[in-house]
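The same chain A turns up in both complexes below, where it pairs with chain B and then with chain C.
Up next, the complex of A and B:
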């Protein structure tokens, strides 16, 4: 095995990759497409609460208690207009106050306040809004619960700096880019096995170890370059670039091992595709968890991509440093080593 | 006296319980064209796979140019060229790219793909992608690929099977040229006529065993019979066939009698083919 041999195999693989229209298109489309999706998503999070109100005669009294609470009141001219706004989704909730609200309260009466909730409002918010309105009215009436609240934020105070959806999505996009490479590399290798070209290459002075080295460099290199480009254009390398690059490199090694495994178990491109899609879905689960944090469960940690996604998420979105993610990096490196070893073992059997 | 390029001793390979190659032994001299003949599943390809270092023998030993194949297959592979039975070219690449890739893998410094492409009769098509080639053209390119490193031993597995006469002839000529250059040729084929024309010696392999091994001439002498075949007219214009076995004491008298008593229309001598001999030895045909 020498550099010239390895270079020849790598150059050949690169040419075959880009001569295959499907692989060429998905590689370029994935890169541009995922970068495009990132930039199409909003870069900021709206942290305000919007409430529609119909409150004849008491409009000015309404907003005072909610100042500095991040609540935006949208006034409507009639109750019908308010209901229509809620129905159309302009505001998630509408509150209709009677005109004599304050006077009735002063007389100790119990006036009726109508709350209109959007049909697609989650149950927890549907339950929360009536309590909020109750508190709101109590503040307007000058009464409040006889307790003092002491608020303490555990962890960094993210108020005003919540992670935008697109940045939460970045680890998912990285997994997708890596998986595209898995599909390509696996179908390239499985085609070489099926057509017997691997056999021809192995009856040359190039050893099996040399062939795996060349395939490994090609697979890891291509995956790493693609995912690094994605991070570069989306600003994912601004914070802790060396740490992010190391995490991505481990991810690239892991997906190359997965590609070897998939190639050993597939006969053609179609077989690679369906197995690849299945793998993609599984590996994307931890990234979905970043998008929708409520899904967090412990079993998600058995999915190897969790450690890639979590580390990238922590570094990009929470400025985590080496000290915070070293365990993720170690576990990811272990998974990468295991997958690569298993992939080589499985593929080696196919070369005989 | 030329040395042996290939030596096998007790060479054996099993796929599970099935013995594909059963303790075979033979030698192939340098610059010899040696044909390995047998039906499908007889053990031809398994033998080639062991000789080229693709699989390790379960028992026995094979040496190529004095090197043990199982001990250091890569060292042996530097010196050999292999043309496979099944076309296994990179079809999305051009012929030149295919050959240049293998030249790099063999560490050939000054390689002229154009010259090799011309030699196998594909001049002008070197830049075309292989996918656009006919079967005959692909097979010629396979042979060209096997010659990239100017091998000392050339293994050709069914090199002319299913080819048009022009491509077959081109490949036969290359085999003879390579022998002239100094290469040893190990050939497997179904085509007995081809083996007869090209080979210095042939081995019949059947059920993993070598059933016979000698020069085509000696095999014909040993197992075949020469005959004189004549067409005679029966007087009503109808033709009938007569056969007289040659090399017998009474042959001369039988021939004289034929010409005296019959109206001979055509006459020719015929000797046994390798196929006849294979059937006689193994009791079955090649296909």
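Up next, the complex of A and C:
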């Protein structure tokens, strides 16, 4: 395989790609766009329930046990101040306890508690707060239930430090970046097949293997550089950078194989588009599952991008190390090899 | 420009063009997304805490829990199924109610319940579920609530549920796929296949071609926008005004699509351009989704004037006078875009000649 010839084909593909300056500029603009989406989303998740309280006699008794459970009580000096805070949207809910609450409970009476709900509060929460208040008072009154709740936490306990949506979205953005570049590469190759450029290149001393190597390097390089840039600007390379880069490289190889397959089965850009959209939808499902947990069951593991998405998600959001994701990396490498081999076989048949 | 020739071209666009991928995409995507969102908002995007229950006996708790608005309740056949659902995050908390649990509660006898908590569930979901489960136990045990609760709603509602926040995005996407993509791709494809040159060497002018393609775009975009609103149960307010606003919005999308089709040399460049402009086109709808972002920013984007009147009419019951300022800007933008497109088409025609 002649290195100079390989380099010449790669340079030609790069020139074709960036010949259209607009296309070159917008490729970078799209990257900024994805990064923009990332930075527009909130960097933290608010897991607390904020409640305004007017409780002249029981303020401390109320707040101590609740704060550990993510309930923040804002104390107000009067019922009027509490009502104003709810009306103005400072707190979504206000609870006004009578001054003699504990004494009344001790006497076995049923005192009245006023709950003020903001009109913005969704209906489901409007129904919830009365239950919450009843339970707190039942606990204060000492009427505990004779039930032992044997709890087991499944998975890492993230309460209080949940992964922000934008970090859950990173694997999805990575899949999009990889797949969009696949569309470009597939349309480039399909155009070369249609116009006969590929056959013209093969008349030169460049072998078929050389051509595939050049196209492979170009495709993998293009996808890998873009997805790496995305990770770089979004902070995705802070934890385990070498591991992340390896996973992304495997992903880039896999999508290049998919691009070869699509190019071999497409006649023009439109044909590439619909096949590409279908592939993108399928490959995005595992990433959607990270964004919306519980969306799917174990069948998701048959989608090759699962191993890319899961590995990136584990490393970025759960500090997973090599030991935790090695099986993902191996399976992803196997998928990448299979897709690349299939893509080359399919394209080779086209050249004959 | 000849009406007869435009009519012939229009018929060709409708019969031949309707087999194209983008045409099908324009018809299918809005329907699919509407159905998908209806499914997602019923469960996955809901703010409600998710409770999973395995009932080993015949407890009343699953039925009572299902009646609680704050909870999304799922029942499972076995403990292993429940554990799997909790581990995947399909439910926040799962509990296994032993046989005879209700009877034990009623008799105030000690009972044990196995529970599973998804590690990634938030503190708020855990607090809501923990309290709700206790309330359910008390309910079954027949405990009287210790206090009488009086609830009062204060202020006026201002926030929008997610379904409503996403609606502008779906409607805008529907209008842009039908209005912008159909004429733009059709024009770029014709240029690539050189059929455009063939056509314009006959008495058919580029104006005839652009008009025919534009009419198809307006028809598809406005029809699908109406269908999308109906599917999302948002076709309300003044129907005539709404349809008028949708048609105007579709015309603007079409003029923009035609401009892109005229300016780009092939479908590759066209899709590259659309990919790059995606954020700018959809920015008003994205800004509408997040009330934390200052809403005036949306006014800086031309597509704001497509979507704002639609939202005002459907979600706020606005009348003609309320949406008139936006409609005036929209008409001005359409006029400007038609002028730029005509100029660009003229230059292209001269360059080709």
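Methods note: the second predicted complex is superposed on the first by the 246 of 352 C-alpha atoms of A that agree within 3 Å, B and C clash if a C-alpha of one lies under 4 Å from a C-alpha of the other, contacts with A are read in each partner's own complex, and residues count from 1 in each chain.
Here, contacts are C-beta pairs under 8 Å (C-beta built on N, C-alpha and C of every residue); 3 or more make two chains touch, one makes a residue touch a chain.
Keep in mind it's a predicted model, so treat the numbers as computed, not measured.
By the touch criterion stated above, A:124 is placed in contact with chain C alone, chain B being left untouched. Looking at the shared chain after the overlay, A:89 reaches chain C, while chain B stays out of its contact range.
Once the two complexes are overlaid on the shared chain, A:3 sits clear of chain B and of chain C alike.
When the two complexes are superposed, the chain touching more residues of chain A, out of chain B and chain C, is C. Touch criterion met: A:153 reaches chain C, while chain B stays clear of it.
Shared contact residues on chain A (touching chain B in one structure, chain C in the other): 20.
Interface residues of chain C, counted against chain A in their complex, comprise 20-22, 25, 40, 44-45, 47-48, 50, 68-70, 83-91, 95, 105, 108-124, 126-128, 130-135, 137-138, 141, 143-159, 161, 185, 189, 192, 265-269, 271-273, 275-279, 286, 290, 292-293. Residue ranges on chain A touching chain B, taken from their complex, read 2, 4-5, 7-9, 12, 15-16, 19-20, 195-197, 199-207, 352. In the complex of the two chains, the chain A residues touching chain C come out as 20, 22-23, 25-27, 29-30, 33, 36-37, 40, 42, 45, 47-49, 69-71, 83, 86-89, 101, 105, 110-138, 141, 143, 145-160, 162-163, 180, 183-184, 187, 191, 268-271, 273-274, 277, 292-295, 297. Note for the complex: chain B touches chain A at residues 52-55, 74-75, 77-78, 80, 82, 84, 86, 88-93, 97, 101-102, 104-107, 145.
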